[in-house]
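Could you have a look at this structure, given as structure tokens, before my questions?
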Amino acid sequence: MLSFTCDYNEGAHPAILERLLATNLEQEPGYGFDRFSLSAKDRIRKALGREEADVYLLTGGTQTNSTIIAALLREYEGAVAAATGHIAVHEAGAVEYTGHKVLTIPQKQGKMEASALESFLDGFYAEPAFDHMVFPGLVYISFPTEYGTLYTRAELEALHAVCRKYNLPLYIDGARLGYGLMSRSCDFTFQELAALCDVFTIGGTKVGALCGEAVVFPHGGAPAHLFTSIKQHGALLAKGRLLGVQFDTLFTDGLYFQISRHAIDMAGQIKAMFLKKGYELFLDSPTNQQFVLLDKETMAALEGKVAYEVWEQSPDGRTVVRFATSWATTPEQIAALEALLP
Amino acid sequence: MLSFTCDYNEGAHPAILERLLATNLEQEPGYGFDRFSLSAKDRIRKALGREEADVYLLTGGTQTNSTIIAALLREYEGAVAAATGHIAVHEAGAVEYTGHKVLTIPQKQGKMEASALESFLDGFYAEPAFDHMVFPGLVYISFPTEYGTLYTRAELEALHAVCRKYNLPLYIDGARLGYGLMSRSCDFTFQELAALCDVFTIGGTKVGALCGEAVVFPHGGAPAHLFTSIKQHGALLAKGRLLGVQFDTLFTDGLYFQISRHAIDMAGQIKAMFLKKGYELFLDSPTNQQFVLLDKETMAALEGKVAYEVWEQSPDGRTVVRFATSWATTPEQIAALEALLP
Amino acid sequence: MLSFTCDYNEGAHPAILERLLATNLEQEPGYGFDRFSLSAKDRIRKALGREEADVYLLTGGTQTNSTIIAALLREYEGAVAAATGHIAVHEAGAVEYTGHKVLTIPQKQGKMEASALESFLDGFYAEPAFDHMVFPGLVYISFPTEYGTLYTRAELEALHAVCRKYNLPLYIDGARLGYGLMSRSCDFTFQELAALCDVFTIGGTKVGALCGEAVVFPHGGAPAHLFTSIKQHGALLAKGRLLGVQFDTLFTDGLYFQISRHAIDMAGQIKAMFLKKGYELFLDSPTNQQFVLLDKETMAALEGKVAYEVWEQSPDGRTVVRFATSWATTPEQIAALEALLP
Amino acid sequence: MLSFTCDYNEGAHPAILERLLATNLEQEPGYGFDRFSLSAKDRIRKALGREEADVYLLTGGTQTNSTIIAALLREYEGAVAAATGHIAVHEAGAVEYTGHKVLTIPQKQGKMEASALESFLDGFYAEPAFDHMVFPGLVYISFPTEYGTLYTRAELEALHAVCRKYNLPLYIDGARLGYGLMSRSCDFTFQELAALCDVFTIGGTKVGALCGEAVVFPHGGAPAHLFTSIKQHGALLAKGRLLGVQFDTLFTDGLYFQISRHAIDMAGQIKAMFLKKGYELFLDSPTNQQFVLLDKETMAALEGKVAYEVWEQSPDGRTVVRFATSWATTPEQIAALEALLP
């Protein structure tokens, strides 16, 4: 059966597996001091053009968010997020488990608006009893958002400016970073994103790796003893080489961005194909997730032959469904999908 | 340079990498619902002869200990461990980070004696103000211990009996489980170990995997919603297949135990070789770690050619050093080591 | 200067101070085992007509909420509250500090509607990925609410029914319980409130005590070893008699309810006086807090002579202000206020 | 029945109750901004001769320890304490509940020796894998200790010097501070103690108050937003005046020290009386707790007439018991005790 359900349903990009195989017998120290991890961090710094950046490699997304957010906050502080933010909804309360509230504010298509953030922060300090409340300690956004939408450069600059005004670190969750940066709609670069935040993550799991998220403090200044905090949060791999080899490969010859661009291109082909066949898009998504309205007849035709994610029911009887692409999606798969459509 | 510093300095057993390669393009659901994870859990249940066992796959050792221990304890409870227990010393306070005290009791060569445990528990409840103190909520031991020593069947039975008397779960940290079970000194089986505890882990990272620990509740009865707790602790992999493929391979045709036996055999060759050459052992270790006393002349001869772990200084001027073996250790490496000894 | 700013600006009801004085030299055990605490708990049980009730005496409101909520929840669970709930907004993240998320749902004048709760709970379990989210573990409401509003009996029954349907404990924060129960608008009794929840608190601090909140599990079934949890949360007083004497006095001859009724009556006089003088009420409050619209002239006349709480600006240029009453408010004070109004 | 079981079995010193009565109707703001709290803090600063000191008033001892320790530590840090330290044993894991390990080191009669501390800290940083372990983040001692013993000035200076060497705050738990400072054996003053630490507490509960501990940062530099942390830990009283009035009274005309001296004097009379009657002391205690060896005949004679704390059995058949004194102990009570002795 063809599947377009998600971007983490296959294994790793072949280059990663080959590299794991090629380096398997090399004896290297544990806990991230292996030469692959050191090289990976160096390649990320070079890709950013920032010698001063601090880079850490962790295993998973929720783990990374809760570990890094807890390390950045003092006990009386919380993380400000859009109401739809991943940490606010889909991480099983991992941030709260570390003792910190997620302070949610209204969102628009998954995005936090600078005006909404400023209004929240102004309001907080205008509240006479604010010291009976959780202090905003950092601002969390995701790029792309949980809705697959993207911040523009102007929006990111505006958020960054509000964070500067209130002296709050801006944290960008890049679980699908590559798909955002390689989108045709994105109007800024990897380097520019780094300049506009205090810490961001480079998601590996959903962009061709078996697992792994890189955490980057682009201006340096990672929290003291973050290595120990990572261990304390259960986020330190003994065989750190597993992460090192993967990120070293992903940041060799721009593979991370090639993988991302490939998935974006495949998503573009899916979109074009559906439009050509007369289907309606639910929204004009700029990333590797396409949302299409399917009627009952189409769904019956695909039944048992193509897997996709059901998103929600449309009032008109049709169903909004999501088709996601990854490094492994091929034009042949898309042609096969097309052939199955009525 | 030859290295015997640890058992996690190489990558994975080749069978694991081959399997990752062979299954890479198969599309499988995330979060541990892939067919490899399901099969791995099934193979572990079969190896134990226990249909009723609950099995979970996590990524790392500290993560597994703190996640599972927190899920088993109520807020007023702590984990009883030997003073040298891994959770008490070398996990950066991961258990305390979840709000639970590690209650330490005296140890003997890394082992907790049943009498020491009973005396601690008797003493706790004899203390008039015990409800001003942290309640013992489970008993944690490691097998092999942090000193590479092994419990005998009688010792384990005795600990188990004390736990039953006080109705406390017995948790066995098996980060190097295979090396314990495959040791010539071990007088019980995998199945018997399972019968004598309430939960144990099967360490993958140090026994041939890239990462991964299996958690087994041999009698069932895993804590409610442990899946969510695992997510909350940042211990849930999106591509759970990475763990599934590894444990499925390790528990196919007894690979896990073959790997362990191989390392034990190589450790035996190292021991025999040193004794033959007239060196003295620091202690008669039954597992894959051998502790030898080296004089200055020998250390000078090995300098830059063989890596090992310095353990401690002996009062007589010699140095206690550790040689560890793994799935990747070869007789040729041992011969090369021998050739370098004066 | 006259002050109507809050209900905790004076000390304790004189009967409490007299009792502290009268019993001061009696030697009693610590930690709540003194005869006053035992008697207080007994009087509360009798007032409820419930021998089976478990009663605990703690010191403050935020402390009580976070201690009891944490004791009731498992680590994967959170507390469901109205978005305006005290635990959600004004307790400095005390609940999150214990590792638990406060799950907020929409409110109406500070109240949680049964339909909103049911819709939230239905939605939670309808969400395919609910086990990646924080489980609802209890429902928190306050009576009176943070807006001074009251649940009707029907509303409370409806909330209770939804809690039963989902098997969730219903927790009622009664920091100002007396003012709710003694309001002319309240259509249920103390005993009926107890029947309709699983745990509630009887606020002492704001109803005539120096400090202290009683926690009542009306059907018994307090969490195991709650005494130890209370100690662990720093909520156990060595001289528990301080709480015992106060609650024993408050529940002798119905003093708690007399104090509450007195404040309600004084608030009624304030309301009547303002209406008589032609002032407009901001809302028709049923409890000891009255919200009045004052024009600039009036505010100038009261300046420096009467203290009250400024609530918010009205668009028409007037100001919404709050006058609160307590056990210590006298008709003379109200007459003095009247005399100062233009 | 006469009772010498503890120093918190009566209510408050009469001067405190009188002051509560006298100020009861004064309307004051809540949360510690009342004039009594402001005055109390000022008096403590004056008694120390330190304008720069930061002072906070909390309710109980365990609460104070866990709140302040958590505010001082970063997440990767723990509190170093003697193995017998109150936080290590008798606070139900309150410090661990905030996520921090209590790192215990050997003690001598309840005291931490500077050499033991230095050896622990030297050892920690000498350990190659120290960043896999909990960092020492502050040093906790109690004065008097849990065994009623006292540090000498030289011992305190030595501990302070080690703390300076490692840049660790020294925290002194003074739950019974007055009894230490007023002991005839104490060779330093209140002001000198303040100079030799970074934060200390002035216990009120056991020295004549109904409740309350003052926390003093003698050199200023309290953690940022400690007010909010105190609220978050459930340690903020709405009627802060209860603490304010008590400490204001205790630090007027040296009442705190008079109370302490009185208890010390009464303990001295008890000691003298027992020695005169030929009884043996278990240890020569310098504070308000006296440990005496009683034979069976004496215990029978006191049965039902005098209450005291049974400490432990002596191998010779006698029993070690403790007689404690407080502000309320009178010479008449001691005479009555003497009259009952055989």
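Chains: A, B, C and D, in written order; residue numbering restarts at 1 for each.
Note that a contact is a pair of C-beta atoms (placed from the backbone, for glycine too) under 8 Å apart; a residue touches a chain by one contact, two chains touch by 3 or more.
Note that the structure is predicted; figures quoted are calculated from it, not measured.
Student: Which contact partners do chain B and chain C have in common?
Tutor: A, D
Student: Using mean Cα positions as chain centres, tell me which chain lies farthest from chain D.
Tutor: A
Student: When the contacting C-beta pairs are counted for C-D and for B-D, which pair yields the higher total?
Tutor: Spelling it out, more C-beta pairs touch across C-D than across the other pair.
Student: At what distance in angstrom does the C-alpha mean of chain D lie from that of chain C?
Tutor: 34
Student: Would you mind pulling out the distance in Å between where the CA atoms of chain B average out and where those of chain D do?
Tutor: 43
Student: Mind pulling the residue numbers of chain B that touch at least two other chains?
Tutor: 75-76, 91-93, 97-99, 131-134, 228-229, 231-232
Student: Would you tell me which residues of chain A are touching chain D in their complex?
Tutor: 70-71, 74-76, 98-99, 131-135, 224-225, 227-229, 231-232
Student: Enumerate the contact residues on chain C facing chain D in the complex.
Tutor: Result: residues 3, 5-6, 8-12, 14, 17, 20-21, 23-30, 59-64, 66-67, 91-94, 97-98, 205-206, 210-211, 228-229, 231-239, 241-242, 307, 328 of chain C touch chain D.
Student: Please output the residues of chain D touching chain B within their complex, sorted ascending.
Tutor: 75-76, 78, 89-93, 96-102, 129, 131-134
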